[in-house]
Every structure is written in C-alpha cells, then in structure tokens.
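In what follows, chain A forms one complex with chain B and a second complex with chain C.
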Partner chain A sequence: MAAETTRPKKDTKKIRAAIKRRKHATYTPVKPDMQLGFIHNNVDCIGCRACEMACKDKNGLPPGPRFRRVQYIEGGTFPEVFAYKVNMSCNHCAEPACLPTCPTGAIFKRKKDGIVDIDSTLCIGCRRCEAACPFGAPQFDPEENIVKKCNMCVDEIEAGRKPYCVMACMMRVLDIGPIDKIWDGSLDTVAIGPHDKVVRQVKNMADIELTHPSIGFVAHSKGKVE
Partner chain B sequence: MKASIATFISLLLVMMSLSSPAADHQKTTLKKPEEKKLDYHRAMWDPIHFQPAIAKATNEQCLACHKEILERKVRKTSPAGVPAKKALAWYQTLNTYQGPQETFHRRHLVTPLAKKLMKMKCTTCHQGENPREEAPIPPDQENQSFTLRKQVNPKTCLMCHGAYPYKIMGLPGPWNEVRDQFQNNCLLCHSTIRTNRHKVNFLNADAIEEAGKKDSDVCYGCHGGRQWYRISYPYPRHPWPGMSKETPDWAKNRPTESPRRFLIQEKSASK
Partner chain C sequence: MSNQNDFDRLSQRLNLSRRSFLKGTAIGAGTLAAGGLMEIKYGKEAKAFAYEPYPRDDQLETVVTSCAHNCGSRHMLVAHKWKDVIVRLSTDDGRYQKGGYFGKDGNEEPQLRACLRGRSYRQRLYSAERLLFPMMRVGKRGEGKFKRVSWDEALDFVARKMIELKNKYGPTAILDQSYAGASYGVLHKSDQIEGLLGRFLGMFGCRTSSWSVPSYQGTTSSSRWTFGTIQDGNEDDAFAYSKLMIMWGWNPAYTFHGGNTFMYLRMAKQRGCKFVVVDPQYTDSAAAYDAWWIPIKPNTDAAMMAGMAHYIFTNNLQDQEFIDKFCQGMDEGTMPDWAAKSPNGKENFKDYILGKYDGQPKTPEWASKICGVPAKDIKKLAHMYATTKPAALKASWAPGRNAYGEQYSRMAAALQAMTGNIGKLGGCAEGVGKAWHAEAVAYPYDQYSNIWFASIKSDRWAHCVLNYPNVRREEIGLWPRQDATDGQIPNIKGIFWQGSDWFNQLTNINKEIKAIEKLELVVCMDSTITPSGLFADVLLPVATHFERHDVALPWYKGHYYIHRPKVIEPMGEAKTDFQIFTELAYRIGGDVFGKAYNPKANRNYFNYNDDVDEAYLREWWEGRVMHHQGVEMSWEEFKRRGVYKFKLPRPHVAFQDQVEKGVPFQTPSGKIEILSSELANISDWTKTRYGYHIPSIPKWIEPWESLNSPKTSKYPFHLVSPHPRWRTHSIFNNCSWLRETYEQEVTMNAADAKRMGIKMGDIVEVWNDRGKVVVPVYVTERCMPGVLVIHEGVWMDRDENGVDRAGNPDFLTLDDPSPAGAFAYNTVLCNIAKTNLEHRPGWDKLATARSHVFRREHRREL
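Right after this comes the complex of A and B.
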C-alpha cells in the first residue's frame, strides 16, 4: 500500500514526447570497426557444392533452405562455349536491406567485424528480410516457420578459424578476409591468382549500390560487367 | 519420284509436329493443375513460369498452386517466446501501419491499406525465371530479366523501398529530421511541384492522393519510411505545369515514361 502511494506520478507530457521520439525513427546502419567478406574465384570453381554441403551440415538445415548456393552459368555456341560458377551466401552488406525490415530486431550487424547475424529464436517468420535481400541470403525454414541465414560461422571466427564453407572448398577458390584487402587484391589467399583482378560485381548479380555487399569475385571473362 | 514424295510427306509430318511456341504455351500453361497432376519439376518448368506466358498470368492461375502465399500467417510467438503482437519495427510506428504482424505477401496484396492504395498482383513483381539455379543463356547484362538468387528483380522493390533523395529535392536533411520544419506536410511543396505522380497501373493514384492529403505519413510510408536500400529509384520525369524546361544534371538520361508494363493502358501488372 505504501509502495503505491510513493510511486511517482506519470508525466504524460514526457511519455508523449518519448512516443513521438520513437515514432517515425529511422534506421542508421552500423559502421563496423572492420568488415569481413568473402572472395570467390568464379573461374577455378568446379561447382562441386562441397561448400553447400558443409554449410548445411554445420547449420543442421532440413531440405529447402540453403545458405550458400553455387550457381552454374553456361552458354555460348560451339566452339566458343563457356561455363563458370558464381557462389554466394550472405554478403554481410555494409548497409544490409534485411536488417531494417525485421520487426523483432532478430537481425543485427556486429560492430567488431561487420558480420550480419540473425537470432532466429526471435524470428516470427514474416519473411520480409527474405524479400528485401537483393542476394537471396535469408532462407526460410518451412519446418520451423522461421528465417535463418549465414552468419559466416561466427563461432568459428571467434575461435580463430574460418567458416565451414571455406574449409570445405577443395579447390581453395573460396576464402574470407577483411573486405578492403580482398577488393584491392592484397589479401594473402590462393583464391586470388597472381594476375587476377578482383571485381565487386558480376553479370546477373543485383546492383551492388543497393546494399554494398562485402564480397569480391575473380570474374570469368564472360561474366564481367563492362 | 516416289522417294521425293515420301520425303515431302515426312517433312510435312515433322513440321506439323513442331507447332509454334505460342501454341505450345497455350497447350501447357497451367489452368487446372489439379487435373494435370503435375509433379514438382514439371510444374516448376511449366511455361507459365517464364516469359511470355507469365506476363498474361492471372492471380487465379498463380494462386491455384501458390495459395499458401495468402494463407500463411506469422508465428504467434518466436521460438524464444517473443510475442508477434508486441513486436514493432521502426517503420511500423508510422500512423499508416495497422493491424497485427503479417507476412510481406499479405501486406502487399490483401491487408486493408494495400487494398486501398494498391492494385498489385503476383506478376507486378514476379516476372518469371523462377528456378533459381539456372541462369539464362547468354547471361543477361542488364539484370532485367534475371537476378542471381532472386525471384524478383530488386529494382522493382526499389520503387517503394528506396532512399529518400533529400539532396536532389533541395531539402536540408532527410524527412525524419526536417519534417517539423515543413509541418510534416508533403503537399506544402507537392501541391505545385511534381504533381503528375503515381500514374502506374499497380497503384491506386486517386486513393493515394486522397490519403496523402489527410496524412503525410502515407507519403513517407513509401518515400523513405520503408527504406531498405541505399539508393533512390530514378522515377521517370513526368512534366508538371510550370516545370523548368531545362533538365537538371541528376535527371539527365532519366526516362520520361514508366516501364511499359506499368503504364496504365497496359494491364499486365495490374489487377
């Protein structure tokens, strides 16, 4: 009884001001201290999908969702035929489109290394992030009615190791590193050959200006964007 | 002679068996899938999932197989116990956001505000090329008909989910920062500037204008309030009365008309 009488009176003006502040707020992207990203060599990838398998295995995914996808691109007319692979999972974008769509705050970007992670236990399965991502990264798990996505095997990163997909790559065409080093070609990795030039976009990939994805490619001559 | 007649007849038979692509799509386009009992892969590669058949597909045709799009509900609580009722994103604090949490398909097609302001149908966004693994041959340089890992070209989403171009508009800052200076009223300027707007077949232009007059949150809802992407959509330049004849730098090379399939006289992207 005494506690009730001592409770401070509600300041409706203050509450209204707080509601107004909260209303119409906007989303400001996290600026990470360092941004990690993937590098994929489109030319030397043989499309074995070992990375996909390792990813599904590590994340215990049922049939359906695939965080990482190896896409086969083939064409030409004999004798000028070509084939190459474009391999993408989450691109851990500088300004991810998935993040602001989430009504529960399940998706977040780590300040430490720019990894975009999801706490799927907070997901209510509205699937907005899946629609908003220009690179098809968030994957819907129909069994649990929630969305899951690649988190660059954040537990492995914390332990000083590389993600499962990178470790499974028998051709060593997939790697991770600080994205600035990937883009300027200075990363010490066998995924980038001595004369290879790293590009940020390849044909048929969504416009990188939408979200600034943290990924680099060694593009095939037929997959280069002029 | 006999041999040449036989060759001619066999050639005729071969030609008859090769009907035109248009006739083919008439034959195989899904109409009553339950009768055809298509298996998963046959259904996936049915011509209705590709151009040109998808351009003419009706919602009924799409929903005959994909009815879960409208039936699916969000979870009542997340696996960790967060109730969907209590979840609210920053953009959902706008006055225009109503009702419980819904899936994005329902928010675009059947929720009250969607029905009031939009006339979207499945093919407004979905333009075919659904099987995600297969890139078209040759690769599509412009990313117009196929985007890796996507069933919808994100540029379509950009029309309503792009950045608010306050610099181009000559405003001192983004709308959420400067709206009080403009009495949170878009029509303060837009009753005379860029008055020719929303004239596309998937929007209900009159209803949007009416709703915008009552509450500028409706305008902001699409123009910055649901900004997923960091760039703005280059809207076509529709002249308005008193508009300067000189094209400013930022508008150079912009089209003067919306893409053909969104024009009002074209019905393909509208209900």
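Right after this comes the complex of A and C.
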C-alpha cells in the first residue's frame, strides 16, 4: 500500500465549537460565481476505469472508498443486447443534499466555482451525508474513520490544471467545465462528439430534481429519459 | 511553479471568456425556492481544500517515467515524489515533450495516458508481496516456506548448482523461461528468446530455450509465412481512416494494442466507420463502437472466414488485379511453376474454397453449420468487406490461441489480400500487428545473445520432463539444429524464471506441478512473490523499473521513447537482473565470464550500477537512436524532458511500399504467400519444429475439441480465457484497487444459467479431465450460449485436493499446442455446476472482500 498517511489528531474542542456554531448558524444560499461540473460520454466510454484508479491514487485511498464510480449498465436479450457506462463522482450539486445533514458543518460549497467539499478536520464520520446523497458520492474511509468525497481536485484546479480523472481518461470522454456551457453544448471539449447532444438526466441515476447535480451526459439510446 | 490560484489559465482552457466567467450561472439563483441549499456562515468563506495534510503536486518532485509490463502498450507515468517515496502518479498531460504544454493532445502527438494498471503501480511497488531479500526454500517444493539468506549464500548456491547440472546432465539441463514481465526496457530486458537471461545461460553453455510465444504464436507463424515478417501492423492513427472495421476476437477496450488505438477508433466512428465484432462475447469494444455483434462458436473462425471467401469468389467480388500482382497461390493463375512438383504445395486457395480437392465447397451454409453464424450473416459480412473501401479486418490473436489457430490467422490474411486491403491507409494486414520499429537493444548484444542447445515449444516442457528420455522430437516441437546434436531430447533438470510467472500462465498446470517435482534447481527472479515463486528453491529480489535506469519502448505500436530514470532507490536488498547475472558470471567464471557478460562493468557493479547503466544507455541513444533514426535531441535533453515523440510524415501502414512502389515482400517469392513456399517444400514434418503436417494454404481443420465434437456429451461448455483488463497476465493480481473493479469469475449466458438453476453470484465449479476451479458466476445476455469465459492470470490457490479455489483457467487447458506452435488456450471443453466449495478470491483478503460489496454497480435494463 501507499506510504503511511499521518492522521492528525482530532481537535475535540474545535469540533464542539463547530457543532455549537452549526446550531446557531444562519443559512444563506450559495450562488456560485461560476459552477464547474463534469461531462461524461456514456456511449464512447470504454469502461476502463483509468479515471477511477487515478482518483484512488491521487487521494491515497485504501480499498473501499471510491470517489469516482463507473457503472456498467447492460441489457437486452441474447443476441440483441446493449451496454453502456455511466460515470459519476460527486456532482457538486446546486442544492447539495449532503450539506445540511452534516452536524458539524464540515461540508461547504465554494462561492467561486460551486465545488462542494468536506473539511476533514471537522468530519466525525457519522456518515449522515452518505445516507443523504442520492448519488452515492460520499465514501466512508474505514482507516481514517471519516467520510471523504470528490473535491474536484481543487488543488489541481487552483494550479490551473484539470482534475486527475479527467486527465486520466484514455478515451478523452470525461471532462470538466462551467456547467452551463456543458449543458448548452458550447464547451470546447472532445468528450462531446460532433453529433452528440448533452442531457442532464439519464436512466441510471437518481432524479436530478432532488439536488440539481452539476453534470451532463452524452446518453446511450437506451439510457435516455423521455 | 506556483501555488497561487490561477483561474485565468484554467478559464482559457475551459473555453471561458472573462466575461461569461464573471456573469456566473443561472442555476444558483433558481435554487433558493427549492429550500435545500444553505451555506453555513462562518464569517469568512471556507477554504475548499479540506484535506489535511496533503502535499500538492507542485510541492513534490516530478519525474517522468513509464509502465513496464507486457500489456500491449506503453504509457507514460509521472512520479510525484517526496524524498525517496513516490506519493502519487499522474500521466502524460502534454507538458513534457518538446514543444509541449499542458493539455497538448491530438492525432500527431497524442498524449500517452496510462491505463488503470499503470495508475495503480504504487500498489505493486509498495505491496506486501514485494520481495525484499534473497530467500531459500526450507519446506517442500511448492509449500511456500522460505528463509531469508544473504546474497552471498543465494548466489553461491545458484552458481554451484548450475555447474553441477551442466556437468552431470549436459548443455540442455537448464530451461530458460524468461518472459516479458520485466521487459520493454532497452537495457534491463527479460525475454523468452533474447534477453539478459538467454545471453547469460548461452554464454555459460547450458540452455534449453522456449520458442513458441504464448499469446500469439499461431499468428506469428502465419505472418511469417504470409508476409515474411511480423511487422504487418499499422500505427494506431491509421485506423482512423477505415470505413469498415471488423474486430475479429479483438477487444481493445480490454487489451490495448498500441497506446491510443481505442481513441483513433472513436475518431473512425465519428467519421462514419461501421464496426463489426465477431466474438463469443458482446465486449465493451462492441458497446463503445456500437458494433454489429456476430456471436461465433469458439475455435470455428477459420470456417466462417472460408465461407466468406467462398461468397467473395463466387460473386466475383475479389480484387483480382491485386491478387494477380501481389499474391502467390490465391488461385490457379497465381500458382508458381514449382508448386506442381512440390511435396506439399499442389493446391491453390480458390480451388480449395470451391471444393475442387475434397468435393466440399466451403459455402456460407457449410460454414454456418460449423460456426453457428447464420449463412445470411456470413454473406452480408463478406459483401460488406468486399465492397467497402478501405476496410480493416483486424484479426486479433485470441482466435489464434487455439488448436490449428494458425489456420485462422492465415485465412484472415487471405481475406485481407483478396479484397486488396493490404498496404492501404484504412486497410489492415494484421496479424501480429507490429508496426513502427524501435531501436530496442542497449544491453550488450553479440554472438552470445541467443545461444541454445535445444529449443522446444514453450508449453511442452512438463511433457518433456515427465517422459524423458521417451519423448519423440515432434511431441515437443524440437527446433532443428545444423550440428550433430540435432534431434537430441533435452534433459531438463532446472528452470530459471526471470520476469516470468510461467508456472501460473502456461497450459495444464496440474501436469506442470508433477513435472516440477523432478527438477533439481528452480530459480525465480522477480520483484514480488508470484505463484511460480512459491515453487522455487531460490527467490532473488529484483528491482522494479522505478528502481533502475532504462528507456522504455512502445510495444508493437507507437512511435516514441520514454526515459526511465531511477526514480527511487531499490527497496530492501533488491538488485537489477543485470546486476544479478553479472555477479553470477563473476562467481561462475571469474573475470573472464564477468567481463564478457557485462563489458562496461567491473565486479563492483553489484554494489553500484548507475554509471555503467548510464554508459550503455547513452551509447544506445547516441549510436543508434540519433544515428539511425535521425533524432537530433541530445541524450541530456531527452533525460531532462523524459519523452521523445516521433512525428511521422504519414500514418504508418504496413506494406505500403510493397503495394505502392513494388518493393518485394520479405517472403521467398517476394509475394504475399497464400501458398507458403516454406510449407510447400516440406516432406518430413518430424524434422521440422512443427512436428506435424501443416497445409501450405489456409484451410479449415477440425479442432480436437469444440462445441461440434462428440465430447460435448460429457463436457457441454466451451471455455475461453481472454486477457483481462485489470491484470497484465498475472501481474497486478495482488492490487486491491484493481480488485475493486472486478472479480475473478466465470461469465455465462443467462439462458444456460437459468436452465441449470444457476444465479448471478453463485459459486460454481468448472472442470474437465485436467482439473477443477471454483469461481463465482457472472450471468449475462452478453455471452453466447454454450460458452464460458474465465480470464487468465489469476494467482492459483490450490486446496488439499488440487482444486484451484482462485479460478485459474489454466488448470483446464491442454498442453497440446498446434503444429505451428499456437497455444491451445481457447480449445477447452468443460462442465459447470453449483458447488459448496468455497471460492478463495486471493491473497489480499481485505481488498477482495470489498470487491464483493463494491463490485460492478450492475444494473440490468429489461
């Protein structure tokens, strides 16, 4: 396995203070200046999971938690069959279901780009966010006893680069960008082919009305919702 | 490098103008009403980077290197290290090459992005299975009990034993089973034919070599006969120009053949190319390229192709001009004069197809009865292939890993030739598929590089050991020699494994287990313990490619070199293969052997190898790469950048010069030999390496077992064992991250499963007369009835009754190769039933336990 991770001792005082603050917090909705989101081509993805491995390695995850999950979908009856992939990590939702459930207020959404992240020093591993998220994004790390999830490789974004999973994609069918550009098809990306249309909802995911996830797909004909 | 926020740079990359950036989005505003979205106010905005502690890439040292295993590709890895520890790996992002920048990609110099295995390399490097010290066996052979010893003790033992075996049993006593597990460097090369071990044993004067290549010997033989070379491949960007792509047993979504093949195929699809997949399984490639799936019974491919040839000939759709100009033996008109008098070459291909010789025209209807594909589909595909130009028939290796697999490969070459798709952009002559040719050798290469005293078909060693001396030469495919020792059966008493897990990977493992008991010396050199290693007498810890200096070559496709510096110091007491052989040479033959084996080194090489390795590599770069290939980048600059990408003047297509400029093919006749001159002139087959008769033209030959044979009454299922995506043969089987992406399982058709009362996830046993394995079952509509699929390479784990609980399909395969050497990995009948035996998924209990929980989020749409 990877080099030993040094686990900082939890500061109980800090956590207690956070819970107290959380109880008395006033809420203002976060309207990001610009929301970043993912685009994934369900058809052209070969399902190789290089994106998943890049993410595991970057985040030094033990076996178990998987921030990025490539779902294999298949159907039909021999010999008329079909298969495609739906690839999701955290959707950095406009209305993150995870966020308000956190008792310590560890989860927050960035104003600048709408990234939703969990402060690892405040997470107490209660796993409420895991239960609340309709997309299975928060992942419990049994070694550190906290919940972690995709932070869109914000360190890479801040360095002017793109996330590890995007830069790993062997087919170049996974990308990020401002979500409105993804949805209206104006993002300059090879993830979207010349004749492809982008949709917000495909069959193999929870209803987008729940959280308004920041993600777009090129859907397979069998994965389209009317 | 800076850590400061740099949204400007990113926004440019994201095609985001400053204005739209500031305008923000509309979604945020609309969400208030939904009521859920709240920001918790702390007074100051939360810093989104919530990991602690976490070294960012720009705080770490960046070192360009590459993968180094035998996967069919070669991608860049970029190590981000802190002192002597690799903290994480990334891959090519366009920055490292000359003229590069972040995000540079495209057709000409595509990024060399690593696959899932490459990305998990840290788990292999730092695995609990790493061998860190020399060890010697203390228990019974195969029991897996070892004690740590010093290098002195281990090497003295090996040297003493080697001399003893050679003196007692002669120059064939030691079997070279080196393989490509540590290969694809120009200096530290492991290889079954030529490599560091072969040269070491050859110089020592005691070596039996293994000549047939497990993955593609049928195809290799075919390409050599037909084209006179295995360089029948296009560079992968050439695929983007095809109008029709027939993927015959080819699944590039799993097994890469070239670094970006799958990406260029996507480009072809976007340009309107139609895809066809001929395969017992509806593969991920079939799905991604939206292919017409033609399920076919395993090991019947040559029959279907013969049916296609019949349709093409009888409808006069062949490219006769191409045939007349470039082919030998395609039809009566292209038969050479000498053929009529040759012992084995009187027949031409067209007349064979039309049934002139055996009274059986190879019609699509005839083929349909054998291969199970409806005749109308055979005709439709033949028509498409003959009338779409250019069209690529990519005849992959798997259907050639069969009884008479070479006939499939040759039949494919005949189709490629008769449709005139050879030497043309968008066409395809593969075959083996080796394309651009790298300068591959920086290790000392001389008259000692491939000396052997006997050479056998690789999966016949156990047969040879068990039956010695009552073995006929044809049984083991003995390669002829020009001296008095021709025909002598090797007396194998020892094995060397270098970068090789062959004990786990060759056919009929139970027979190997019997044979290995008869050996007196088994040496395993590897960087991790392997199932083979458990059977060794001596385990020598080998430095991984992160721990030694080398240059990586592309595999059979790709035109680039990647520098591989010593990223970290070798862990434990690991040494490189080259260090080990050099030191053994000194111990066995003093300065004479030592100096001859490694001319640039002295005996201190075992302790310090940096300068010598650097000298070999620099000489190679300056003498060969710069000199022969017109590269102007200096060795220093190459080392600094880490990668050199060639820009080719046009997409490389095999045989373009032959077809456009009339350059002769490398065959005896200078033509595409549908009738092989070599085979046509053989009369005594036992004196050849083949051992048994091979027709001179491609023919359908009934395999010894298939879904059409009477043996199906006892064993009704045909098992195939393709290469997995999540391992390279057996390498990476111990990596828990990869374990989360799959499960060792048997894939089974849903209707078959229902009939037998088997459900998804049930534990089943799969068996035949040769062995039994226990695995969970994956029930799917994507596999044709009658076929089972178990991926090769899982680490065997036998119980006390010899049942493999891990599910290694090579307990069921037969060690009876095809005459041309093709391993019959996919010629296996077996049966399947539910079992109470427990499946043991592997050595890493935590990881595999989790793979059950997190395995494929499988959902079926009904």
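Criterion: the second predicted complex is superposed on the first by the 196 of 226 C-alpha atoms of A that agree within 3 Å, B and C clash if a C-alpha of one lies under 4 Å from a C-alpha of the other, contacts with A are read in each partner's own complex, and residues count from 1 in each chain.
Assume contacts are C-beta pairs under 8 Å (C-beta built on N, C-alpha and C of every residue); 3 or more make two chains touch, one makes a residue touch a chain.
If you're wondering where the values come from, they're calculated on a predicted model, not measured in any experiment.
Peer 1: Is A:Met171 touching anything from chain B or chain C once the two structures are fitted on A? First, second, both or neither.
Peer 2: Touch partner of A:Met171: chain C, not chain B.
Peer 1: Once the structures are superposed on A, label A:Ala97 by its partner contacts, choosing first (chain B), second (chain C), both or neither.
Peer 2: both
Peer 1: With the two complexes superposed on chain A, say which partner A:Met53 touches: chain B (first), chain C (second), both, or neither.
Peer 2: Second partner only, chain C.
Peer 1: Can A:Asn145 be said to touch chain B (first), chain C (second), both, or neither?
Peer 2: A:Asn145 sits against chain B, while chain C stays out of touch.
Peer 1: With both structures fitted on chain A, tell me whether chain B or chain C touches more of chain A's residues.
Peer 2: Between chain B and chain C, C touches the greater number of residues in chain A.
Peer 1: Quick one: classify A:Gly76 as touching chain B (first), chain C (second), both or neither.
Peer 2: In the superposed model, A:Gly76 contacts both chain B and chain C.
Peer 1: Identify the partner contact of A:Ala206: answer first if only chain B is touched, second if only chain C is, both if each is, neither if none is.
Peer 2: First partner only.
Peer 1: Between chain B and chain C, whom does A:Cys45 touch in the aligned arrangement: first, second, both, or neither?
Peer 2: A:Cys45 sits against chain C, while chain B stays out of touch.
Peer 1: Just to be sure I read the superposition right, which of the two partners does A:Met34 touch: chain B = first, chain C = second, or both, or neither?
Peer 2: Second partner only.
Peer 1: In the superposed arrangement, which partner chain does A:Gly125 touch: chain B (first), chain C (second), both, or neither?
Peer 2: It touches chain B, and chain C stays clear.
Peer 1: Intersection of chain A residues contacting chain B with those contacting chain C?
Peer 2: 22, 25-27, 69, 71-76, 95, 97, 100, 105-106, 119-121, 203-204, 211-212, 222
Peer 1: In the complex of these two chains, what residues of chain A are touching chain C?
Peer 2: 1-3, 6, 8, 21-22, 25-35, 43-50, 52-54, 56-64, 66, 69, 71-79, 81-84, 94-97, 99-100, 105-106, 108-112, 114-115, 117-121, 151, 154-162, 164, 167-172, 176-181, 186-189, 193-195, 203-204, 211-212, 214, 222
Peer 1: Quick check on the complex: what are the chain C residues that touch chain A?
Peer 2: 1-10, 13-16, 20-22, 24-29, 31-32, 34, 36-42, 45-46, 48-54, 56-58, 85, 87-91, 93, 102-103, 105, 113-120, 122-123, 126-128, 252-253, 260, 262-263, 266, 269-270, 282, 284-288, 290, 293, 295, 725, 736-741, 749-751, 780-785, 844, 846-847, 850, 854, 856-862
Peer 1: Looking at the complex, which residues from chain B come into contact with chain A?
Peer 2: Answer in residue numbers: 74-75, 77-80, 82, 84, 87-94, 101-105, 132-135, 137-141, 143, 146-150, 152-155, 157-158, 161, 174, 176, 179, 217, 220, 224-225, 227-231.
Peer 1: Note which residues of chain A are touching chain B in the complex, please.
Peer 2: Contacts found on chain A: 22-27, 69, 71-76, 86, 88, 95, 97, 100-106, 119-128, 131-132, 134-137, 144-146, 203-207, 209-212, 222-223, 225-226.
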